[in-house]
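Input: structures, listed below.
The following pair of complexes shares a single chain, chain A, combined with chain B in the former and chain C in the latter.
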Partner chain A sequence: MNDFIQLIVSGTATGTIYALAGLGFTLLWQASGTINFAQGEFVMLPAFIMLFCMMAGAPLWLAFLLTCAFAMLVLGAGFKKVIVDPLIHHGVIPLVIATLGVAMVLKTVVRAGYSAEAQQFPSSFPAGQFSLAGITISYADVGTLILAAAIVIALQVFVTRTMTGRAMQAVAQNTDAARTLGIDAKRMVLYTFLINAILATVTALLITPTYLAKFDMGESIGLKAFFAAIIGGFNQTRGALLGGVLIGILENLVGFYWSPAYKEGVALMLFLVVILWRPEGLLGTAEERKV
Partner chain B sequence: MSARRHLAGLAVVLAALVIVALFLKRSDVYLLTLWAVYLMATMGLNLTAGYAGQMSLGQAAFFGIGAYIAALLLKASWPFLAVLPVAAIVCFVVGIVVGFPALRVQHHYLAFATLGFNVLAYLAMRNEEAITGGTFGISGIPRPTLFGVDLGGHLAYWYWTLGSLVVLGGLLWWLLRSPWGRAFTALRDNPIRAESLGINITAYTLLAFAIGAACAGIAGVYYASLVEFIEPGPFHFSTSLMMLLAVIVGGSGRFYGPALGTAIVILLPEFLRGSSVPWLKFMQVWYLAFFGIAVIVLMIWLPGGLLSLRERLDRKGGPQ
Partner chain C sequence: MSDASFLEVRDVRKHYGAIKAVDGVSFAVGPGEIIGVIGPNGSGKTTLFNAILGQIRPTSGSVRFRGDDVTGMSPLELSRRGVGRTFQTLQVFGQLPVRDNLIVAAQEFQGTLPGRLFAAPDAGLGERADEMIELFRLQHVARLPAGRLSYGQQKLIDIAMAFMAKPRLVLLDEPCAGVNPSLVDQLRELLVTLNKTQGGSFVVIEHNMDFIMRLCPHVICMVEGKVLAEGKPADVQANPAVLEAYLGN
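Showing the complex of A and B:
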């Protein structure tokens, strides 16, 4: 029983990290209709930029802040300007293919330009663990949970309570109507890309200590981000959180009770079951088709 | 292009492929055969991606399933021609099972479902050692002897693969010209209108996808027998990605698009690998970065792929 609870706690922590990446993915989709297949690489690149900053002598917090700035510039504004803006009117497939191209470029640049080996990455939280009612919990899990939950709540408050956040939602729901109401739609879309870049950097900060920094780490993270978003409900911000946590917990349980080899397949299975049973996702609302 | 000129052009290209092989090194004939094998899979993928307008990122999984079925059955002394339908049917059925939930909901979900499926299939190939031999793979896969002709030699196997490719291509051509195949194109160009004309979008897209999967299964059989040794590596999701890019780069929805795209995607890296020229050695490492950039540029300037270049140039100057 203790094993079971421990697996659930650490699975929830991992799941909230998937949720952060999935959240950014959902935001991009809502605001601009962009399906970003490079989302995993958007997590991988900041991990290496942080490593670079630390090799240059920066402490982790400074490395993180510098990387946030870099990510907002390159993976946020730059990605939007160079890839998304020219392609957005050609329909979904060319843009998706282009993001696959981006993923390839980022992976190759890191592998060929830096290293193909997995790199250690320092944890943001103290090592060690504590016992609570016979259950062993690591500080890293608790820290991850608190930080990820704080970010999700902050994002939710920003989107629902602030003027800018509501304007972003309005653009996501109906761009034309929002524009008629005097909302600067382009600026709002840019904000979503910037937020996605920050979310990806935070994901990198939290997941790399366990995953290790490797050029192909994004493949697995990206896949779970998509599935977390779809399982929870593509058009609901909090859906990604539920989806991510479900995947995190089930992966842990499957890995422990069945076979660690098939952990990676859990997200797919959950995805297939959920879309058969509730196509709009667990928390999603059915969408009208846009003609 | 008139049908007669089309056939004449095709005959010239095929004759060239037959004759050129006589003067090539053994390893180059092997590469040509590899191209033909991958082309069977990418032509099937073109059905899904090009004609039905859906992205599949799991073609390598079906390719792998075909290859493992071939490895196991050929080693159990099944005749080659009996293995082909088994691989095709298994892949077709698996394709339906994977594609149905995704396509029923949202057509873009097919990309995610197939990507996840490829990850799962790869894990199974690596971990189910009792069947697949795990990372050690399966070796000693025989090349076939058909109607008393031994196809073990590299030239013989090349001609056999080329002939099979032509037959498969002919079947797909016929399929696409049939009323049934024209419905594919209709639903890519305007799904809502196609639906209002009584075409069941989901059923057609699913069938296109499953037939594409069956083609990959057939390609897998030829692959296993060509390399005579298989392990999970070639069936990783990255191969699916390259197959999809081969279709897109060549020109998705164009019958000969995959032939060009596959030549670029499969043969170019092999050519770089074999080279000892210093700057080409540099390219071996950086190849994928340049290829990725090329794909992005292509999507921005020429989303129809390389074969749409002429139409693009014809249109130049006029309004787009």
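Showing the complex of A and C:
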């Protein structure tokens, strides 16, 4: 029983990291109809930028802040301006192809410009474990869980309880009507891209100590984040949280009780089951689409 | 019509190749006036609205609002100048509660950008939203997501949203479309009340003749992109050309 609870706790911690990246998928989709298949590489690049800053002598917290600024500029505003804005009027497919291209470019640049080898990355939390009622829990799991949960809650509060968040929701739900009401839709969409860049950087901070910084680390994270968003419901921000946590917990349980060999296939299996049983996702709502 | 025109539409045309959706329409709206626009389907009424409100750019002609040339100006800019509109189809934000729908309809006119980022959740508009909720008799559903309500209730929210920011001019596109007949009278009374209390000017497109004849002292009838007749409701209604346009020979 203790093993089971430990697996649930650590799976939840890992799942909230998937959820952070998955939230980016849902936010971009809702605000601008963008599906960003470079989301995993948007996590990988900040990991290397943080490593670069730390090599230059910056402590982890400063490297994180500098990387946040870089990510907002390049992966937020730059990505929107250079890739999304010119292509968004041509439909989803050109944008999907473009983001796949961005993913390849980022991987190649990091592999050629930095290293193809996996790099160690320091944890933001103290090493070690503690026992609680006979259950051993690592400080890293608790720290990850608290930080990721705080960010998800803060984001939820921002979106639902502030004027700007409400305007972002309005733009996501009906852009034309929002514009008619005086809401600057372009600015709200930009905010979404900036938030996504920050979420990707936080995801990098939390997951890289485990995954190690490697040019292809984004493939697995990006895929799981995408599955998390679909499983939870692509049009619900809280859906990504549910999807991410479900994947994290099931990966742990399958890996422990069945075989670690099947761990990587859990997200795909769960995705297939949900998409067949409930295509709109566990918390999602069916949407009408103009064709 | 008043000489001191709030809105002056002069020889506006919108052509799509050989199709003349709007073909030289001119009219003016004075302060506090309510003007009705009628016409059979496809007569160019909504295209005219879209051209006035910057949703599309007119092929030629001009639109002046309070003396300024606003031709082709974006809906965002027009909204900031005090021009509101409703659409034929519902434009409520279905996942937001009714009260939030009303607040979001006016919040962009509150404060500066940094202020808006960290302002109180109701943006100081809670009292105004509650007033509108009471006026539109939506108290019992104020906290529910708008998307869960009936079509008629959502239509009322849609209209209430257009008036939240106390606009100087509101263009209403078929406010009665899809509304239960029992609500139509309530809607007309609401518009009369808003006109008296807020003093804005309204332009109303509508197919419900009884509604428009009782609401609007001045009516324009459009056919095939042109103004066929205008004047007092009874005169327009009795105009043989208007009857022919609606009923045929």
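Please note the rule applied: the second predicted complex is superposed on the first by the 290 of 291 C-alpha atoms of A that agree within 3 Å, B and C clash if a C-alpha of one lies under 4 Å from a C-alpha of the other, contacts with A are read in each partner's own complex, and residues count from 1 in each chain.
Just so we're on the same page, a residue touches a chain if its C-beta (ideal position, glycine included) is under 8 Å from a C-beta of that chain, and two chains touch if they have at least 3 such contacts.
This one's a predicted model, so the numbers in the text were calculated from it and none came from an experiment.
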item	value
First (chain B), second (chain C), both or neither touched by A:Q156	neither
Which of chain B and chain C A:S123 touches, first, second, both or neither	neither
Partner chain in contact with A:S115 - chain B first, chain C second, else both or neither	neither
Which of chain B and chain C A:G182 touches, first, second, both or neither	second
Superposed model, chain A: greater residue contact from chain B or chain C	B
Chain B versus chain C as contact partner of A:V92, first or second or both or neither	first
Which superposed partner A:T136 touches (first chain B, second chain C, both, neither)	neither
Partner chain(s) touched by A:V105 [first = chain B, second = chain C, both, neither]	first
Partner chain in contact with A:T210 - chain B first, chain C second, else both or neither	neither
Residues of chain B defined as touching chain A within the complex	49, 53, 55, 101-102, 104-106, 108-109, 111-113, 115-117, 119-120, 123, 126-127, 192, 237, 241, 244-245, 248, 285-289, 291-296, 299-300, 303
Sites on chain A touched by chain B in the complex	35, 37, 83, 86-87, 90, 92-98, 100-105, 107-109, 112, 219, 223, 226-227, 230, 259, 261-262, 264-265, 267-269, 271-272, 275-276, 279, 289, 291
Residues of chain A that touch chain C when the two form their complex	161-164, 166-167, 169-170, 173-174, 176-185
Complex contacts: residues of chain C adjacent to chain A	53, 55, 74-76, 79-80, 84-85, 87, 91-96, 100, 103-110, 116-119, 121, 123, 161, 165
